[in-house]
Each structure stands twice: as C-alpha cells, then as structure tokens.
Amino acid sequence: MSPTSVPANAPAKLHRPTVEQSAGLRRQARSRSLGRSIVFHVATVVLTVVILYPAVWMLMSAFKPTHDIVGNVSLVPHDASLANFAKALGGIGGVSFWTFFTNSLVLAVGSVVGITISCSVSAYAFARIDFPGRNVFFVLMIGTLLLPFHVVIIPQYIVFNRLGLVDTFVPLLLGKFLAAEAFFVFLMVQFMRNLPRELDEAARIDGAGHVRIFASIMLPLMKPALVSSSIFAFIWSWNDFFGPLLYLKKPDLYSLPIALRMFVDQTSVSDYGAQMAMAVLALVPVMLFFFVFQRYLVEGVATQGLKG
Amino acid sequence: MKRPVLSAAAAAAALTLGLAACGGSSDAPGTTGSAAGDDAPVTLTFTWWGNDDRAERYNQAIDLFEEQNPHITIQGQFQDFSNYWTARATEAAGRSLPDVMQFDSAYLREYAGNSHLLDLGPYVESGAIDLANFDEGLVAAGSLNDVQVAIPTSTNTLAMFVNPDVLAATGVEFPDDGYTWEDLNRFVQDVSDADVPTDDGYKIYGSGDYVATFWFFLQHLVQQGTEPFTDDGGLNFDEDDVVDWLNLTADLRAADAVYPIARALALAPLGGFTVNEVASEQSWDNFLAGYSADSGKDNLEIRPIPAGPDGTSNFFRPSMLLASGANTDHPEAAARFIDFLLTDPEVGAIFGTSKGVPADSGQRAAVDAEDGSVDAAVIAYEELVAGTGTVAPPIPVKGFGTIEATWKSLGEELSYKTITPEQFAQQWFAEAELAVR
Amino acid sequence: MTLTAAPPTAGPSTPPVRTRRHKGSEVRAGYAFLTPWLLGFVLLTAGPMIASLYLAFTDYNLFAPPQWVGLDNFRMLFQDPNYLKAWQVTGIYVLFGTPVKLASALAVAMLLNARHRGQGFYRSAFYLPSLVGASVSIAIVWKAMFIDNGIVDRMQQAVGIEGGGWVGDPSRTMPMLVLLTVWQFGAPMVIFLAGLKQVPLELYEAASVDGAGPVRKFWRITLPMLSPVLFFNLLLETIHAFQIFASAFIISNGTGGPARSTLFYTLYLYFRGFQDFRMGYASAMAWVLVLVVGGITAFFFRSSRLWVHYSGEGK
C-alpha cells in the first residue's frame, strides 16, 4: 500500500498544522498521555488476565486433586500433587502415553518434511517460473483455500479404504507431500515475490538452471518463510483431530488428540484432575514451540494480511 | 494446460468410483490367520462397554488369562454403550474390528449381514470353544443363517430397582408387587410432591422419564400381547402406539415430576439413581452389581417390573455375546480367549451376575451366591420371574441398534421439551424406515 | 514475469523482444516443479470433488456398489429435521461468532496500536488462544469450566444470573461455543495490527487539526484503510466458522447434543457419512455446503468493490 494515497472519503481538505497548533497539540498530547498510558495498561492487563485465564486454569488444575477443581475459581492449588500426571502417563487400554506421543511426533515431523519440500517447490514454480497455465493453477490453488474440506473427504476415505490404507499414517501424510496445503504455498509465494530477482538473473547468466537456482539461492533465502511454515505445520498436525479420527483405528496408532478423547471416555466423569493433566501433557510441545518461536508465528500470520 | 488437468481429474474421479463400485466383500487381510505356531507372541485387541466396576472385573479376568497364556497379551479398551457402537462402526468400515468384542444382539444382524464377524463355528466344533455346558437354545441366539457369528455369555430380563434409603427419606412407599404402570406413575408423582432433598441439597425424584428407553416400550407392547417385530424383520407397531406409550408419563413431564434431564446428562455415565437422588429405576436385572458399586449401597432392592393386563410378561434374552472381527489376524488366539471368558469357572466367580446369569452351567455354579449378596438377589429374582411364566424374547431386527439409539436421543429432546410425542413418533419412524430396510 | 533477454551478440539496433512465447525449457521446468502440487490437486482435490458430486446422487454405504437415486438425497435432506437443525445451529454460530470475533480482534488491535511498549508481549499473549483454541485439550478445559457448579456457573451466580451449567443446557451451549471462538481472536487481531501499522499517521494528525473526533477518524480513516485486511479476515473467518468440528465433538461427547444444540453441519455430515455410512447422503450435504459457501464467497467478492479500498497499485 502506497503511503501517499488517500481514501476516497477522507476529510476533504488537509491542513498542515501551524507551529503554534503543533506545540499546542503536543502539550495536550503529553498531559493526556499519562492518563492514556494508565488506561492502556489497565485495559491490557485486565484483558490479558481474562484471556489467559482458561489456559492457566488448565495448567493449575492439573496439579490439584479433583474435588478441588470443579467450582474453584482460585488458581493456586491447596495440596499440589503430581498424582494426576501419574495417572495420565499411565496410558490407556494397555497403550502407554509415550506411544501416543511418538505417533503424534511422527505425524507432525512427517508433515513438516512433506510441506517444506512440496510447498517450496510449488511456490517456486508459481513465483519464479513463467509457463502457460501458471495463472490458472495459481487461482485454483487459492481456490482450495476457500473450499470446505467436506466435499473431498468422502471420496478420499473411500479410496484409502479400498487400498487398505485406513489404520495407517499414509492418508494423513500423503497430502502434505503433495502440497495440498494452499496456506503454505501462498505464504511462500508471497515471500518469494519479495525476494529480488537480480540474484536469479545473475545465476542464470552464469548458466544455472532452475534446479540450481532453487536449491542454492532460493531455499537459503527463504529460511524465515520455511521456519514459519514448519512451525505452523507442526502445530496444526499436532492438534489435528478430524484426520486421525477418521483414519486411525487401533489404539496403538492413536495420536494424542484421539488418545485424549479415549482417556476422557474412560475416566470416571468426575475425574477432572486426570483429564486436565492429560490435556496439559498433550499441549506441551505446542506451548514449547510457541514460547520459543512466537516471533516467527506472529510475523508469519501478520504478513498474510499485508497483500490483502 | 487446463484440459489435461480436467481429464486427469475426471480420470481420478472415475477411478475412485470404480473402487467404490467394486463391491464390499472382505478382502480381509487377516484370513491367512496365525499359522505361526501356537507360542508366537500375540496381542489381541478386546473391547467392551460398561462402567468402572465392569472394567475392574475384566482387568482381573484379563490378568488371569495372561497368566495362563503368557504369549498372549490382551489390549483392553472400553466405552459407554452409545460410543461403543459408533467406534465399532468406523472400525468395521476400515476392517479393523477388534479381535474379540463384547456384542449385543441388537447389532448382530447388521454386522453379520456385512460379513464383519468371524465364523466361530469351526472352533465350536473342534472344541476350541467348549459349549458342552451351554443350553442349546441359547447358543442358537448367536447363530444367523446357520453361521455361528457370536456366542451369548449370559441371560437377563427386565427388573425394577429400588433404593430403600432414598425412599425412606421421602416417606413414600413403593407399590406392592403386581403394581401397574399407572401405580408406578402415581408413585413417582408422590415422591416428587414430597419434595425432599438429599444431604447435598438436590431434590429426590421417584424415577427418571422411563419412556425414553426403547426396550421398555417393547416390553410394554409384549405385555399388551403384541409382537414388536414381524417374521420378515419389519416393525409391527405404528406411530399411534409410540405416542400412546410416550403419553404415559406426559403428566409427570408436565409437572416436572421426573428426574431433570440436564442433571442426568451432566452426571453421565452415572445417573440419578446411581448418585442416590432417584428412588427407583428400571433396567436389566444384571445391572444390580454395577448399580451397587456405583451408588455405594449394598441394600438396593430388585423387584418385578410394572404389570400389564396379563402380568409382567418378562422374557429372557441373551444379555450380551462375544464375537470376533472377521478381519482378525489371530483367530485361534481369539477363540481361546473367548472360550476362557465363556467357560472358565474363575471368570464366573469374578463377574457373578454383573453381565447376567452365566450361560455356562459350570460358571453358574461358581457364582458365589451367598445370602444377601448381589448375585444371590439376581438369581433369586430370575427364579421368581421364571416361576410366574415368561414369553419368548423379541428378536432384534436389522438396524435395531440404530433405532434404539435414535429412540434414546429423541427421548432426550422429549425431556428437554423441545419436541412433542407426535413429533417424536414421526421423526423416529422416518429414521426407522431407513435403518430397518 | 521474466523478460526474454536479447542475445548479447545482437546489434544495438535490435530492441529486446518481449515475447509471450515460452521457452520449452521453462515450460518443462515449470511443470516439473509443479508436479507434486498437480498430483495433489488432481488426486486429492479435483478428482474427489467430481467423485463426490456423482455420489451425491447415489445411495452408497461402502459395502455394496453405489445405487443411483437421482435427486432423492436432496429431497430427503430438506425434509430431514436434523439437517435443518444443523443449518440453524451452524448459521447462528457463523452469524454471531464471526462478527463478534472480528470486532474484538479489531478493538484489541486498535488498543495495542496505541502504544508501542509491551506490544510484542501482548500480541503474543493474545495470539496464544488461536494456536490452541481448536484443540481437544482446550475443548476439554472449556467443558470443565462450563459445567454445573463449574467456574462459570459460580461466577454467573455471583452476578445474579440463574445458575446451572452451560454444557447441559441446550439454550446455553451455543453461547459457550461462540465464546470459545471469540476467545481465539488473536490471529485476526495480529493481521489487523499489521494493517493498522500501515496507516500513515499524517492522516490522523491532519484529521485532528480539522477537528475530527476519534469516532470520525475511525470511520473515515481507519476502516477504509483497513478494508482490504478486513475483507481478508472476514472471508477466511467465515469459511473457517463453517468447518468447526473438534470443539463441538468433544464438548457434546460426540453426540451433537444436548437436544441437538451443538449439531453443527460438519458434525452431522460426519455422523451420516462416517457413523451411519450413508455416504451418498453425506456427499449431498457436502455439495450443498460448497454451493452455499461459494455463494457467500462470491457475494463477498462482489460487494468488496463497494467498500474495499485498495490504495496504490493493485495486487
């Protein structure tokens, strides 16, 4: 967006402030600024407390015995204990917690690998190679972002079922290796468009083909986009519920969300302590990624909106 | 450019549909079986429905089995009744049903009809599953079109349970044996009018809204002399019958005299009766064990159900069965586990009558029925019922499980007062027509 | 767009030619790089779409071959009380949840934009729910918070509202789920914040001099300058709202209850397609949804000409 353009319905005349007006404005601004500052901080702190309360409550409740959880507004545990975690880690149906964890990990890492390779390659084609049909395909790709997934899951399930691939990880990973996630392709395309073409051209003059340009020039430059994508891909795969619900049947293949649901099904209804503990454990990697990589996450999201 | 893509997509679609059309016969990979010799380590998946009490008992039985068969590991999993069947349905589609599963006659036709269940016949014949101490008629209840797709574990019949402590608090008396449905309704209204709270401050009720359970409706039909299902698997009743039944408790619902549905759902998988807020509940007689464990009471009473014009017209049915998924990789091990659960006397002692009265006479003998115990009460009840004469059980039609579940969810809506009995009947029949087809 | 460079040996009198004829090697390279996406598109998107369109006119239960039934599925759909209820539930959720979520996102973005200090921290803090909000873990927590005698129940009683859990009350499960989605306002907020940063301050200052108050500034400057971002968020959040599944599934314990109050479209489709295995019926449902969402998307795009202001060069 060019900074010098003006919206059609902005005030008709722009006056340049006079020196006195500026000084006056500044004085007013300063005295208001203290008041504003206080209001700002109070508002944001209150908001933060309200927003983060559920997450903190979940964490604290995992350390409390169940009877202390349900109606208890106060966060601090009276008799903090690790009993809930012991129960959650005990596994369900003869399958250990670590099996579920590993399954989720395999799926998530697989997703990251698949997406990094397939989406970067596709993005390169869209952003850097001119070939007939490119624009049409690009529009189609964006279209898939707006397409409700319901219309493809049934035939996909039928095919995987007939091929005997239900109850394996294949249906959950195949799409990742075939760039079926338009969000990441789009992200990478936007990023690449901002990279200067001089490097490409210099390399081309040196006789490099597309493969070389992609591998030696683009990929290294794309690291921020790749990192953002990887983190999102990991987290989305980790939290995915519908896919595993559909395709993972035997308990020893369950990913954490499915295992969590089975755990809730099987624990006595009032054993919230154990449920909270398991919920917390299931979210640990996501929280870790968030704390370490928040900058990448937030900026990845922010850049989306910039080109509209 | 675009055209090759379009044709490719069309080709992919055609391939998908072709695969879909290739009928559904079991390309079950498991039929090659475990030829790997008797002692190769094997893991069997085993599922059941039930509460914590049943889970405990199963875990005991599983431990016992694993001791006796060190090379077999049992991976047990359980859900509540409704979730159990949705889980099995998705497994069936993916041909990954458990190696051994607790089964209900309501779903037998559907699963057997789609070839999901292993034929246990060869194992019965060879004696791997030893049914020598079984009643032949009962074994037949698990056989469809001459294929033994499942074997009953036990039998049960309907009963009325009363919580004397809760009742005593209200000062109302339960009607004497031989009471009718109208008597029951009057009792419920009386308890509600008494307006007595429990120690925790929740109001005590006489009963939940019992019209919401499909089997009670069927029992009521049988009492009126109507066979619920025709010989060719259709429904032998109509919307009016349903509406008449639902209206039995219409006044109670209108007066809010039945246990509030919101609280009942919030307590799930427990219920009003098992948290000691409801004085009576109808259910299968074998539920006494589970109810006693959940409620913490050892003095729950088991009584006859309300009587119709010709008495209670109880029937005995297989309370549950054991089956094996046709896709199993370990049929021999599965058969061994099934045989263990069906015939081992220790298992009889572990479960008592909690799953029903055991079908195997050896297990029946092993049930520790000392005076005053839950098992003694159930056995005594069944003797009482047998003494007053029973009728043949209705055989569940195809899709029974689905229509039973639909009845229950519509029953919830009725309790929430979001639909009328007429709408209930209409919507239920619409589903039933599709399910029973 | 790459220019075809003039060969260096050409004389100065030969101007560089801008040609639309693509070099063979470019075409090959293009398709080579695009192969994974093309495969994915054909096998996992376009192919299935066509297949499900066909299935929508059949009766198919996965075990027997599909039977053609023409428009029967669609006819039954519109007489199916569960289906109509699913539209009602989903419709209310989208109509209430999305605007409230976006309004909250915008409001908080504007709040944060006022000061630079701590912005990074707050931005991340508010973003966290977006990351975990749709997960099973949070659905479980939400449920635990809204049950009888739970946190929310205690708080509402303290304020004088009638007690009772929200989870078991058909009239309160929707507000509970709307709150859950509004809680996840962080993602659209981050995007709004980025958009707000791009609004030049001179515009505001000039408006101040003209005597415009904050409200006028908002309507005349902020909103128009943000309109592309608003459009983007609106479109994506609306489509996203139609696809809610995990939260509804877990909170209703896989039933869509109580009394079908959480019977969202996706949930009902899942029941019909993957529990009852009436896949023709479910495919019909899927296509109705595609048409509706497509219509809404087209409407948004059309209407965007009226209210979305792109400054400077176009996309």
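A, B and C are the chain letters, set down in written order, and residue numbers restart from 1 in every chain.
Here, a residue touches a chain if its C-beta (ideal position, glycine included) is under 8 Å from a C-beta of that chain, and two chains touch if they have at least 3 such contacts.
As the structure is a prediction and not an experimental result, all values here were calculated from the model.
**Student:** How would one label the connectivity among the chains shown: line, ring, star, complete, or other?
**Tutor:** complete
**Student:** Report which of A-C and B-C is connected by more C-beta pairs in contact.
**Tutor:** Between the chain pairs A-C and B-C, A-C carries more contacts.
**Student:** Any idea how many Å lie between the Cα centroids of chain A and chain B?
**Tutor:** Inter-chain centre distance comes to 43 Å.
**Student:** On a C-alpha centroid basis, what's the spacing between chain A and chain C, in Å?
**Tutor:** About 14 Å separates the centre of chain A from that of chain C.
**Student:** Go ahead and note the Å separation of the Cα centroids belonging to chain B and chain C.
**Tutor:** Spacing between the chain centres: roughly 41 Å.
**Student:** Send over the residues of chain C in touch with two or more other chains.
**Tutor:** Residue numbers touching two or more other chains: 38, 41, 43, 47-49, 51, 55, 62, 147, 274.
**Student:** Two or more other chains touching the same residue: where does that happen in chain B?
**Tutor:** 5, 13, 15-16, 20, 22, 83, 90, 93, 268, in rising order.
**Student:** Which parts of chain A, given as residue numbers and ranges, touch two or more other chains?
**Tutor:** 132, 137, 155, 158-159, 161, 246
**Student:** Once bound in the complex, which stretches of chain A touch chain B?
**Tutor:** Spelled out, the residues of chain A in touch with chain B are 92-95, 132-133, 136-137, 155, 158-159, 161-164, 166-167, 246-247, 249-252, 262, 265-266, 268-269.
**Student:** Mind pulling up the chain B residues that touch chain A in the complex?
**Tutor:** 1-2, 5, 13, 15-16, 19-20, 22, 27, 29, 45, 52, 55, 73-80, 83, 90-91, 93-96, 267-270
**Student:** Mind listing the chain C positions that touch chain B in their complex?
**Tutor:** Residues 38, 41-43, 46-51, 54-55, 60, 62-66, 80-81, 147-148, 164-165, 167-170, 253-255, 257-260, 274-277.
**Student:** Within their complex, state which residues of chain B touch chain C.
**Tutor:** 5-6, 8-13, 15-17, 20-24, 82-83, 86, 89-90, 93, 114, 261-263, 265-266, 268, 402, 409, 412-413, 416, 418, 427, 430
**Student:** For chain A, which residues count as touching chain C in their complex?
**Tutor:** So the residues of chain A in touch with chain C come to 1-11, 13-17, 21, 25, 36-37, 40-41, 43-44, 47-48, 51-52, 54-55, 57-58, 61, 69-73, 117-118, 121-122, 124-126, 129-132, 134, 137, 140-141, 144-159, 161, 174-175, 177-180, 185, 209-211, 214, 235, 239, 241-242, 245-246, 257, 260-261, 264, 272, 275-276, 279-280, 282-283, 286-287, 290, 294, 297-298, 301-308.
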